[in-house]
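Order as written gives the chain letters A, B, C, D and E; numbering starts at 1 within each chain.
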Amino acid sequence: MKRIGIADTTFARYDMAAAAVDELNKQGGGFTIVRYTVPGIKDLPAACKILFDEQKCDIVMALGMVGRQPVDKDCALVADYGLQLVQANAGKHILGVMVHEDEADDDAGLATLFEKRTREHAINCYDLLFRPEGLRKRAGTGQREGFADAGPIRVK
Amino acid sequence: MKRIGIADTTFARYDMAAAAVDELNKQGGGFTIVRYTVPGIKDLPAACKILFDEQKCDIVMALGMVGRQPVDKDCALVADYGLQLVQANAGKHILGVMVHEDEADDDAGLATLFEKRTREHAINCYDLLFRPEGLRKRAGTGQREGFADAGPIRVK
Amino acid sequence: MKRIGIADTTFARYDMAAAAVDELNKQGGGFTIVRYTVPGIKDLPAACKILFDEQKCDIVMALGMVGRQPVDKDCALVADYGLQLVQANAGKHILGVMVHEDEADDDAGLATLFEKRTREHAINCYDLLFRPEGLRKRAGTGQREGFADAGPIRVK
Amino acid sequence: MKRIGIADTTFARYDMAAAAVDELNKQGGGFTIVRYTVPGIKDLPAACKILFDEQKCDIVMALGMVGRQPVDKDCALVADYGLQLVQANAGKHILGVMVHEDEADDDAGLATLFEKRTREHAINCYDLLFRPEGLRKRAGTGQREGFADAGPIRVK
Amino acid sequence: MKRIGIADTTFARYDMAAAAVDELNKQGGGFTIVRYTVPGIKDLPAACKILFDEQKCDIVMALGMVGRQPVDKDCALVADYGLQLVQANAGKHILGVMVHEDEADDDAGLATLFEKRTREHAINCYDLLFRPEGLRKRAGTGQREGFADAGPIRVK
């Protein structure tokens, strides 16, 4: 039984974890989910480390929202750095799902983006654990999570 | 008995630790506080490491102020990087509470921000140790520390 | 028998791995290839760590594409940071092959760049494992992968 | 007997170590100083690591000068990153004393800044080792090293 | 017998290693040189780690050239970060010798810079191993490698 950690924040303005859990359950079985909520994205790396070490998770989804201000973009860089540190030490994946508040023009667009990106990364998460050959088949095909896929380069 | 470390600086222009200690005591008991004061924010990561390793702290609040100049913003990035390093190794949380001197227009506004942000993070600190289900309930609800909460996205 | 890991992404818009495998096979024998596909470039470092630790790879090629937007350039920096972390710990090479979407004016130019840069790095990969004296001979000669070599400085 | 390491550079244009040693000796006894000189600030982190591991230092002062050019500012960021790495691993403090060549208008002003900042950090160094309660008392009081203290925020 | 590692690249447009080896030999004896050539500067950190761990080097000179484009400057930052990681872990020095292609106006000026900077750092390398008191004497005297020394600040 694989253990999937889901780390999220009170800072985010959308319940990303609910979407992640729902989409994972649609993929199949064979896993348990472990939740962990922290205040903000800079707290996600330590949460992931705890999910790996204490909760024996095999993979973690780290869900967050990035604000519009320059200081928020710096936050995201620091958080990303922390997520790399934890992955490099653990030898396990952390799928970072970050939605920037300025990626959509209104709340409805933002909500759609939160749903889509989280769910598409939940599928990636399930694939990394159970269907790596599915990822292999999509190598180099321009997949995107959230917005439409870019698709492969057209070479005449 | 949990041990909460509070690392602060002589550089900051407000006694953030006093606010943190007061707010923690209002939340309940079950913990001891360990203080550690350093000159500036770039000294906070080593202080946190010492609080984890030598003082056996379970969690640390790292309190600091960031000046207005570009060099101060670089300082903050370096300090943040150090805090991620220490958390990634220790598998424990460091709640960074940083107030930027240019976040308010006058000293009164700055003092209010220092108080509010520190106290709200003290509640987060207590929650991470004793009331994680409280954080879980607030996941994705747009919480902010210092200024008013942003609230969740309104989806019609 | 050396083991060469090839980590690639579903984000990229070109099948870089196919070019890498083909070019490696043209160089000679003495190796096995291990494939690993992840969603995006920020997932490559963990993939490389897994290729080194679990798959006992001696060297890894990490293949990816970087988008045009500022957020994509930040992604690349974070991924590069992660690749350095993994190499510094493992004491083994990760040859990062990154193609920026804005390095060519059209899809045909981009496809050519993907092919050339990947194949030239595949030769570097083979050289690092089997023909280090070949690299030694080319030291300081202004080699480039993808576009034309710059060549050595002309000193009269 | 505590051991204080002093790492400095041939790049700097002022003998910062002489000021540090003199000021430390004025604070009291109970320590030995270990000197280590390297070419530039990017060599300071390895020097500090050697001072901790091989010379058994309890704390290190890392003294350097940062040039005016953009490439010099990048150097400082890299050096600072290295200093954080070494501190995070060692669990000991490195007091970084950096003077930027463009912080003063002429050589006399720069010399004064070199003297003051180095000496004030030497006092911080002694306090971290022997008088932590002194630092505690100055928490949140807006201390500066080099230029005049900013002082605490005035709250009516 | 000390072991000096020299890591260089095929990307650079000048044979920096030849200058380094020649200058080291002029300083005296007591060492063996170990060469290691990689494609580009982002491959230097892993090369240094291999030189320390597998080749038992006591110190390494990492020689590279940085191109003119913004992406090249990012490369340099990433490489520098990797070099700090390896030094912080190994507790040994890596003398980074980087020449930016835009530091000189023509090939002749660039060649002179390559020669001078590499040779002056080779002397630093020898000093760190065999003549640390020589570095101590030059502390704070404004030494530069490549261009003319800045000299100490003039204080009337």
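Keep this in mind: a contact is a pair of C-beta atoms (placed from the backbone, for glycine too) under 8 Å apart; a residue touches a chain by one contact, two chains touch by 3 or more.
What you see is a predicted model, and the numbers here were worked out from it, not measured in a lab.
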Item to check | Least step count from chain B to chain D, where 1 means the two chains touch | outcome: 1
Next on the checklist: Following contacts chain by chain, what is the lowest number of steps it takes to reach chain C starting at chain B?
Outcome noted: 2
Next on the checklist: Using only Cα atoms, superpose chain C on chain D and state the rotation angle in degrees, rounded to the nearest 5.
Outcome noted: 145
Checklist outcome for this item: Averaging C-alpha coordinates per chain, one finds the centres of chain A and chain E separated by a number of Å equal to 40
Checklist outcome for this item: In whole angstrom, the CA-centroid distance of chain D from chain E equals 25
Checklist outcome for this item: Where chain A touches two or more other chains at once, the residues are 77, 81, 85, 89
Item to check | Running round the ring (origin chain A, first step to chain C), the chains in order | outcome: A, C, E, D, B
Item to check | Contacting residues of chain C [partner chain A, same complex] | outcome: 8-18, 35-39, 42-43, 45-47, 49-50, 53-54, 71, 74, 77-78, 81-82, 85-86, 89, 107-108, 110-111, 114
Checklist entry - For the complex, which residues does chain E have touching chain D? => result 73, 76-77, 80-81, 83-85, 87-96, 100, 121, 124, 128, 132, 135-136, 138-145, 150-156
